[in-house]
Every structure is written in structure tokens, then in C-alpha cells.
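Presented sequentially are two complexes of chain A, the first with chain B as partner and the second with chain C.
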Partner chain A sequence: MKSTMSLVKPAMRGLLAKRLRFHLPIAFGLALVAAVAFKFTVTEPRKQAYADFYKHYDSMKEFSAMREAGVFESVRPTGK
Partner chain B sequence: MAGAKVIPNGRRLYCNCPFCVEIVRNFMDSSSTLIWRMLATRVFRLVGNRALSTSICLRGGHGVAKVEDYTLPAYFDRRESPLPDIKFVQQLSPDQKSLKEKEKGSWAALSKEEKIALYRISFKESFAEMDKGTGEWKSVVAGIFFFIGFTGLVVLWQRNYVYGDVPHTFDPEYKQKEVQRMLDMRINPVEGFSAKWDYENNAWKK
Partner chain C sequence: MFSHVLLKVSSDRLWSFSSTASVAARSYSHGKQETDEEFDARWVTYFNKPDIDAWELRKGMNTLIGYDLVPEPKILEAALRACRRLNDLASAIRILEAVKDKSGPHKEIYPYVLQELRPTLSELGIPTPEELGIDKA
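On to the complex of A and B.
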């Protein structure tokens, strides 16, 4: 048994501050990374997809195709 | 006061009504001293006289009440209260008694085995032993898996013997007509359902 050596006094104060100083930057960083990742994997591709869809969209052609398929109640398919 | 009775502790009864006289007469009979002693014991207990052993209780004429084990201080191994109320070993063997005598001297004279023996007299398990995991979690997880599996069997049986047929809307032909109608309506044409259909070639996009 070491009777002459004494143990180092443990930290008594500032424990929460020490933990926050370490974890808060990490938390904010991760949150920022998550937001940026979502923007560039979800929102930007989605905006591009809509832009591409409507660049060459012919609404009358689509309407005629839907009318012929018989999904409307206001207009019947042409003929008969 | 005419007819005032004297009670054993020297006080005088001032009320001569039949009830009080009757009570005093009962106190005056053969067990009176015992009853007064019982009352005195109660008063002592209230005052908190430590000299009187709290495990002795005089009940009117019956003697000493049995001391239950659970009423005495107990030994327990717990991390949050490291020093239990009593030592672990209460009845010391002759070896242990001599060791306790040796403990009264200089501790540097004790060998390592003797120090450990003294520790084991006072405590049942060391901190390492009491904190050790039990492996109970394996039984728990095994039980969880077993009962989930059993529940699966129950659900299977239920599907076969309890539930009736599904609606006609689940038939493959009906489902096909549903899909065709969804494509005709251009459901989600930008990113979703109809976006995956090739309208030129009448097939799903590769």
C-alpha cells in the first residue's frame, strides 16, 4: 500500500462547462453538416427534376392523352 | 379531601365518582406495579432513554417479545453506501478473534493475507465483485427472441384459421387495372409513380 503518495484531487467544479465546451461545437457542426447534406442530396435534385419536367411539358398533349384514357368526368373521350 | 385514595406513585385521586374509584381500584390490585412499570417504560421510550434496550418490550404479564430478524440492522453490499450498518461476520472464530486482537496493534505488522482476512470479516464482497455483471442479459435477450418467435407462430395460425378472405380488390387483375388507371391519371409524374413509366414505349423505364 502506498502510504506516502496521495491521489490527485479530482475536478470539483466546472464539469458541465467542460462538457459543453467539448460537445456543443460538435453538436452544432453535425447539425450544420446534416442540413447541408440534405440540401444537396434532396432539395437541389428535386428542384432540378421539376425544372427538367416542365422545360418541355406540353400540357395540351398530356390533357388529350388523359382524356382518351377516360379518367375525366367533365369531358368524355373523343368519338362515339 | 375525605375518601381520597392514594395511587402507588404517591399522587392522590381527587375525583370520587364511581368510574374513577373503579379505575383506581383496578390499579390497586396485584398487577398494579407491573402496569405502572409498563407505563414508565413507555415514557422512557418517548424521552429517548438510550440506556433502555429497545428490543425489550414488557407486555402486561407476558414477558419479553421475540426480536424479529428483519428489525435488526442488516448487512448489504451496495456501491452507493459503502459502509453497511454491521460487519459481515458476526460470530468470529477463534482465529478471527486473535486476528482482531492483532489488528489493535501496528498495522504494518499485518501480512497481506491477514489484511485480506480482516477485510473479509467486515465485508462480504469487494467493490469489483459486487459490480460484476451477472450475465442476466443473455437470458433476457433469449427470452425476447423466443417469445417473438412464438408470437410469429400465433400470427401465422391466426391468418389461416381466424381471418376470412381478403377483398376482391386484391386480385391480380383488379390490381393491374388500378395501376393502369394511376398511370392514366399521371399520378406523381415528376419524381414518383408515373415518372418511372415510359409513355412512348408503354413499359416501365429501364
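On to the complex of A and C.
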């Protein structure tokens, strides 16, 4: 029967170890979830966007458009 | 020998936090593991040195505080008596503050330690931070 006059001895060793044993797996798990979430919400859509953009990209057509717009120094627009 | 470590744990002891493994001064798992009782006895002996000097007191306390444990009342009693021999009341009170700090969120530890140390505190005339009103900022 615990008396209120005398406190019982609490745990005094390994308190940090106990805390880490609980929190570190959670921390690693959350970090892993964050990485996976980032991969599938950012990197994969971004990769797909690039792939879609370049799937039907006509570099000569784009070059000609830029040439005619006069942004190059190495080639002048046709007709000049 | 009293190397300054916070929590150095060897790789294969990483999750084996048994009651005897609260400190690891070296990161090896071979060799005899010191029991809690041996650890406590060693530290009581350290502070009980009759001619302990101020440096050894500070060194001992700082090393002890670096471990993943709150020192046992019997170790603290030996340290407080060493403070008495060195006429160092400031360190005695600081030791009590350190115990409270080491307890962290476990608020039941400090009152227990004070309970166990009460006879020694009365004998040596050491006030607690609470009695001095210096426990609040």
C-alpha cells in the first residue's frame, strides 16, 4: 500500500534510450513517407511533364521560329 | 577512464537498452558489462575521496551528468558531502538544479530525489533552489 508520505522510486536510468526507441522508428518512418510522397507528387509528375513536352517536339520548327524572331546572333532571319 | 560521452552505443547494442546498459564508455560489446550497482558504487567511491579537489568534483559531476541516467541519491549524497568538504555551497545547490534538469519531462524524479536526500540536506545545511526562490526565472 503506497503511502502518500513516501514517494516510490521512479525509473531513473535509460530514459533517453527509452524515448529514442519509441521516437526514432517513427521519425525514420515519417521521413520515408515524406520522401515517397515527394517522389510521387513532385518528381514523377515533373518527369512526365518533360516526357510529354518532348514526345512530339520538333526542334527544327522551334529553331526556325526563334530564327525568324531574330533572337540569334549566329544566324540571321531568312530574307535578310 | 571517466570519458566524456553522452550516449555512445555500439552498433549491435543499438536497441538492447537493458537496465545494465545505461552507459557505454566504449563502443564495444565484448568484455564484462558493469552492473548498475557497480556503476553506482564506483561513483560513490569517487566522490567519497577525502581529499577530493575542486577540479575532480566538477569533472566528476560533468561526466556523471553526461550519462543517460539521473544519478542515484547515494551518489548525489557523496557529491554533496564532497561539496561540504570543499566549502562549495554553490556547487551543492547546482547539483540539485542539475538533477531537476536531467529528469526532463519526468516530473516525479526530482521530488523523489529530494525526499531521499532530505536528511543529508538538513545535516549539511543545503537549501534547495525552491527554498531560495531561484527555481523560477
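Keep this in mind: the second predicted complex is superposed on the first by the 75 of 80 C-alpha atoms of A that agree within 3 Å, B and C clash if a C-alpha of one lies under 4 Å from a C-alpha of the other, contacts with A are read in each partner's own complex, and residues count from 1 in each chain.
Convention: a residue touches a chain if its C-beta (ideal position, glycine included) is under 8 Å from a C-beta of that chain, and two chains touch if they have at least 3 such contacts.
Everything quoted here is computed from the prediction, not taken from an experiment.
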First (chain B), second (chain C), both or neither touched by A:65: first
Contacts of A:15 with chain B and chain C, given as first, second, both or neither: second
Touched partner set for A:6, first chain B, second chain C, both or neither: second
Touched partner set for A:49, first chain B, second chain C, both or neither: first
Chain B versus chain C as contact partner of A:33, first or second or both or neither: neither
Chain B versus chain C, judged by how many residues of chain A each one touches: C
Set of chain A residues, in rising order, touched by both chain B and chain C: none
Touch list for chain C against partner chain A, complex: 7, 9, 15, 17, 19, 21-22, 36, 68-72, 104, 106, 108-109, 111-112, 115
Of all residues in chain A, those that touch chain B in their complex: 46, 49-50, 53, 62, 65-66, 69-71
Chain A residues touching chain C - in the complex, by the definition given at the top: 6-18, 21
Residue ranges of chain B touching chain A (in the complex, touch as defined): 181, 184-186, 189-191, 195, 199
